[in-house]
Every structure is written in structure tokens, then in C-alpha cells.
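Worksheet: the structure to be examined is printed underneath.
Going in written order, the chains are labelled A, B and C, and every chain counts its residues from 1.
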Amino acid sequence: MSLLRTEKLKKHFGETRAVDGVDFTVNEGEFLSLVGTNGAGKTTLVNLISAFLLPDSGRIFIGDRDITHASVDERIHSGIARSFQLVNLFDDLSVLDNVALSIFAREGKTKRIFALADRDAAVAQEASGLLEQFGIGGKAQAAARDLAQGERKLLDVAIAYALRPKLLFLDEPTSGVSTRDKAQIMDTVSSVVRGGGITAVVIEHDMDVVFKYSDRVVVMHEGRFLADGPPEEIRRNSDVAKYLLGTDV
Amino acid sequence: MEIVALQVLNSLFYAAVLFLIAAGLSLIFGVMGIVNMAHGMFYALGAYVTAWSVGVAGSALPPAALFIFLLLGAMAVALVGLVIEPTLIRPFYRRPEEYQLLVTFGLLLVLEDVIRLIWGGTPITASGLVDSLGLVRIGGLPYPIYNMLMIGVGVIAAAAIWAFVYRTKFGVLLRATAQDRRMAAALGIDIGRIYILAFGLGCFMAGLAGAIVVPTQAAVLGMGVEVLVISFVVVVIGGLGSLEGALVGALIVSALRTITIQFWEEIELAALYLIAAIVLLIRPTGLFGKKA
Amino acid sequence: MSRRGLGGVAAVLALLLVFPFFAGTYQTQLLMYGLTLAIAALGFNLLLGYTGLLSFGHSAFLGTGAYTVALMMRYLGVSSLELFILGGVICSAALAALLGVVCVRHTRIFFAILTLALSQVLWTLAYKFFWITGGTDGLRVPFSQLTLLGGLVSFPGADAFAKFITYYYYYVLVVFCACTALMWLIVHSPFGKTLQAIRDNETRARFLGVRIWRYRWLAFVVSGIFTGLAGILWVPLNGLVTPDVLYWPQSGKIVFFAVLGGFRNFAGPIVGAVIFNYLEVYAVAVTQYWQITLGLVLIALVTFLPAGIVGSAVRLGGRLKKKGSEQFP
């Protein structure tokens, strides 16, 4: 059984067919990239799956559970997590607290009043371990707003990762950073996520990144899937070349 | 039966007042995205200025002078608004919401005491204006012509505002800025000018409402917050940021209020807020409100 | 907390403990007002500083606490402060639970106005149902009818006032310390961190599976309880409760405490409340236009000193420390 499956998912914004009848399947353990030109529908698709938006029609399944009408927190508890293209951090909390909070949420400890958050050794240990893995361990006590852009992107991913989801959506994890940082970020993200055995869907524009790191590439165009397969196959696909020509290929 | 007719007229009169206040609040919110906690104080200011000027003018009041006093109150308030927006409100657009709320709340405190400073603690009336216009008989019962005129003013104001927002070039600019500020700026629209005029217009409406109401009820301290509390129910029911919502909401709230006062006067405000709470639970954005 | 922080707290505590012995009855009474207002400020700031919700209606809880005491004394003949606290806390919690359901599900702006409006609904009820609440004359809560510690301490007789001030002071001090410690625990707990996360980034918190409105509601109830407790302790001191305690300027004052002291740190609202208390007593003697001063100072604070007194002092201290360590590496 697939981990994620959508059936004829549709979302129209007036005239614009952002997502136009998409059947999307993700299997456990995959590390796949979702690509396409601007406005192809990638972010909308992810927004639909993560409950940022509700679909006009169609269904979404996690395993055999129909989550089409589930609320955000229900979907999180079904095992979906996401990072954000425009970084979404808890700016006034420390870097460590950002990740610790994710762990508290995962463990269901967020309602605890008669306990000191900093004294929870298990959580603190896991949080700092995670920060080390993502390469930002040294900044654990800094306020999240004081991080450099690349570090902020990594923290954004780390927060989502700390939920130990079944399915992790990464929305343009390398956008907005310098070319040199891009490779470093993607290296880190890829090794941590694969190392954790977590299934990931990465929205990405940079085709070099896509071809280097993904097992599978899904190309979207005008709300539909144009192509879907391993990188070499996509590279050879003439339709893909035609529609993405001049942009990134 | 005649009593019902009179109550309906009273309700319409108060609806006109509420509409102006709520529409002003909605206009400012729709265009600028801020809620002015001191909005009710502009209403109070309009009431005080009008009442005071009526008092100053003395007893020789030809009915035509009526509109001058109303306009005076409204214009004075608009002027204050035009001064306040660039000095007090504008510096806070980029800052977190709580600071905007705090600064307008500070303004509320200041204006309440400014009114007390200028006009003192005793209420001022302008009932001479109502008296000079006389009464009309509705099925044998007397009713002030003033009230009926003001209902007319309310209708004209509603129509004028609607026309202004939906039929004039400035209205287009206003709506464009309300929908997408950055885009509007990118198209070369002078956002600063739009903001200050929108704020001034919103204040004008609040001031006009105060001016309209003061001949029928005295200008007292505390009327500013009191009216903010009631007009917020209008905004809850009608939806924040919507002109139609302000109109429909005002009619509904005024009707509810009139009915409640008839049967159990003490719980008037509690009943209004019970209904507001229910609306908030069922339909948080109100009848015509924009989705967040 | 750092060692220096603990030392500071211990020093303040010591000072508070010996205060009545060298300060006299009037000053002790004044400080007590400050301490009860500080408890109100603590409650308020759980919402503003830690959850990001600005309430202009906290007078509702102050008033509920106060009126519960007065009504219990008048109609139920209760005189035990412990029973008053129990009754008042239950009523404040119930009110907060009810109002919270209406207020927290919306935008922060709606929250601000809704809290103001609902507190004014209570105010109109307090003065309109005058046959129950005493209307504008209010209800008296004379300390001669008050007992502490389950009846162990009471205040009959001619010299009772000084005795009342002394004993009541220590009672209030104990409650104040307990409230401060409890609130400190709450804001440093996982729950407290979650509230701060919701404040910082509601979207992200939601995508961690946190049900936003539930946490806001819980914070609202806790906040209401603390502020209600302040009202309970305040009313025997004042001897009288009138609808004024529910009137909106009272909410404004609470907001002011937090902004004055600085709402982004723990001690700010406490300091703000105590300082304001003294300012009010001495300023009212100077000018009757107290509200305009308050408003102007609020605007000035928000414009020039948003971190408040304590917040700015902390920042200044941090900057001086940095300069010091730069000069002497």
C-alpha cells in the first residue's frame, strides 16, 4: 500500500486551474522531487495535502485513511509534516527551543504546566542531537531570528523533521540562499532525511539539485502531471524539455 | 399600531447613526488594515462640537442652519483625523498589531480627557435643534421631524458613500489599495495620500454620527466607549470591512436593541452580545465580511 | 535563573518581609495595593507577553473577584478569606471559560475589542441590577467582618485597622509570592513554551499539530483566575466595591502596568504595577487630568520605549556587559 495517494485532486482559483485532477502516489522510503515552472501547481498540491487549503474535489489518502476533510492537526497526527518556502520559525525562542517544541508536540507534552521545559533531559538531548545533525548545533542558544538565512532554512526543515513524520514535504528548502550554501543545505537535508528513513517530497526549482539528490522526479505543468520517473528518464523526456526549456534544464 | 410605527422610526434613526460609525470603522479597516480603538471618541467629539456650536449660536436658529452644525461637527472631527493619521497611526503600520492597538488605546484615553478638559464633566445638549424643527403626527402621535430628517440623512449618506467607493475614481484607488497595498504602490498610487484620506473619511463619518445623535441625546463622557461597544456588534454581525455589512448590521442591531429595551431594559447590552457571541460561533466573518 | 537573579529576588523578598516594621501603616497599605495589582498584571501578561493576545477587558476579572467577595459577604454571611478566595477563583474561572470561548477563536484585533466589549457588558449589568449589586453606591466589604486562616485571625475592636494592615499584608505577600512562583513555573513549562510559539508563529505552531484556540483558551482561563484573585485580595483593602472596578479605564490601567514595566519579560508587569501604583497616588494629587497623562505616556512608551522599564534596563545591562567584556577580554 502506498504511503500517500491522491485521487483526481482538484483546486481551481476562479479561472486558474492550479491543481487539475492529480493522481499522486508516494511510496514509503522514496525521496522524490516535485518540479515545474512557477504556477505549475506544486505548492498548491502540497498545500492541499497538508491542509493549508481544502480541495474543490478529489480525495487524499494516507495509507488507507481518507484525510480529505481532516483538519491540520489531524493530518499532522496522521504523519504528515512540512517545511516552508518562506521560512516559518519561532523567532523569539532559542534555536534549541524551536526544535524542542516540535518534540514536545510530537510526544503530546505541550499541555504540561507543572514541569520545567528546560529540565526535560530526553527532549533536550534529542533536540541538540538533531541540531548537530543539521549542522547548527553551535547556535542552539541563539534566538532563531539571529540566524543566517541558510541556517534558518535548515532550522525550518529540522522543526518539521523533529516530528518524525511518515511523510515530509519540503517546500523549496534551498531557495533564497547563495549557490554555495545550496549544495551544503541539500547535502545535509538529504543525508539526515534518508538516514532517518523518512519519505520525502521536495519542491524544487533548481534542476541540478533535483537530478543530483532525487530517486524520482515528478514534473507538473498547468496543474497536471507531465512526467514521473527516475531522473535519467526525465532528463530524456522531450515534453519536459519543451515545457521547461529555457528555464532550468 | 402607531406606537410600533414610532418604534420603527426610532430604530431607523439609531440605525443611521450606527451605520455611519460601523461603516467608518470598516472603511478604515478595509483600506488600512487597522482598527482604531479610539473610533468611538471621534463620534463623541462630533457630538460635543455640534452641541457646543449649537449652544454658542444661541436661540435664533433657522432650520436651515441645522445642517451647518452637523457639518461643523463632522468636519472638525475629520480635521482631527487628518492630523492624527500621519503623526500617530502611520509610524505603526510596520509594527506588530499589539502596538497599533496600544497606540490607538492611548489615543482613546487622551481624547476622553481632552473632551473633559474642554467641555467639563456635565453633559451638553442641543435639543434646541430638535425643537425648532417641530413635530409631525403619525396616526395621532407626535414625532420629531428632526428624527425623520436624520433618517433621510442616513439614507443619503449610505448612498453617497456607496457611490463614492464604487463609482468614483478615488473609490477605485481606495478599493485597489484595500485589496493589495503593494500592488497599488507598484502601480504608482500614492498610498500615503489614500491612507490619510480614508482615515479622514472614516473619522468624518463617526463625527457625523455623533453630530446627528446629539440633538436627541446629550453629549456625555463615556459615550465614546459606549458606542464603540455597540457598533462592534454591528461589525460582528455585518462583517468587518464591508459597507453592506455595516448597513445590514446596523439595521439588525438597532432593531434588536429597540425590541430588547421594550421588554427588559437592563439586559440590553448583554442580549446584544449574546447574539454577537452566537454569530461569532456560527459565522465568524459575519454576513458580508472578508475572510481572514 | 542565574545566581545573580536569585540573589536579587532574595533581596527583594527580604525587603518585603521587613517592610511593615519600618514603613508604617499608610505605606504598607499602599504597597499592598501595588502587590495585588501586580498579581493582576501577572495574570494579564500571560496573555499579552507570552501568548500575544492583548486584552482590554481584564477589569472583568478584577471586578468578578471583588464582587464575588462582596456578594458572598452580604448575602451568604461569609467572612473567611479562604472561602472568599475559593468562591472568587471559581467564579473568575467560570467567567473566563465562558468569555474565552467567545473571544479566542478569532483574530487578535477582534480579541482586543471583544474583551473590552464583554467587560463593559458586565459593567452595565453591575450598575443596572442595583438591587443586587448596590448600583453606583456599591457594596461594602469592611475588614471588621473579615477573618483570616479559617477564623484564627479577626479584626474586632477599636485598634483593628493597624492590626488588619499588618496581618493582611503578610497574607497578601504570601499569596503574591505563591502567584509569582506559580506563574514563573507556568511560563517556563512546555505549555508556556507552546504559548510563546503560538505568539511567535501561529501557522508553524498549527503545523506542529497544536490546536491553537485550545491553548489560547487555557491561557485565558489561567489569566482570568490570577486577575480574579487580585480582585479578591483588593476588595477588603478598599473596603468597598463599585461598578468602577469593571469600568474600562481599569482595564486600561492593567494594560499600562504591563507596557510600563515591559511586557516581553517576566518581572516587567510586576514592576510596572508597583511603580504605577505609587505614581497614581502622587500624580492624582497634582492633576485631575490623570487619564490624559496616562494616554500620552502610553503613546510615548509604545513609540520610544517599547521594551518598558525592566526590558530596557535588561537591554542596557546586556549592552554594558558586552562593552565591559570587550574592553577587558
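In this section, contacts are C-beta pairs under 8 Å (C-beta built on N, C-alpha and C of every residue); 3 or more make two chains touch, one makes a residue touch a chain.
What you see is a predicted model, and the numbers here were worked out from it, not measured in a lab.
Chains that touch both chain A and chain C are absent from this assembly. For chain B, the chain whose average C-alpha position is most distant is A.
A separation of 43 Å divides the Cα centre of chain A from that of chain C. A straight line joining the Cα centres of chain A and chain B is 48 Å long. Inter-chain spacing, taken between the CA centroids of chain B and chain C, is 33 Å.
Those residues of chain C whose C-beta lies close enough to touch chain A in the complex are 185-186, 188-194, 196-197, 199-201, 203-211, 215, 218. Across the complex, chain B meets chain C through its residues 35, 37, 88, 91-92, 97-99, 101-103, 105-114, 116-117, 225-226, 228-229, 232-233, 240, 265-270, 273, 276-277, 280-281, 284, 292.
Within the complex formed with chain C, the chain A residues making contact are 50, 72-73, 76-77, 81-82, 84, 88-93, 97, 100-102, 104-106, 109-118, 120, 159-160, 163. Contact residues on chain C toward chain B in their complex (touch as defined above): 48, 52, 54, 56, 101-102, 105-110, 112-114, 116-118, 120-121, 124-125, 128-129, 248-249, 252, 255, 259, 289-292, 294-296, 298-299, 302-303, 306.
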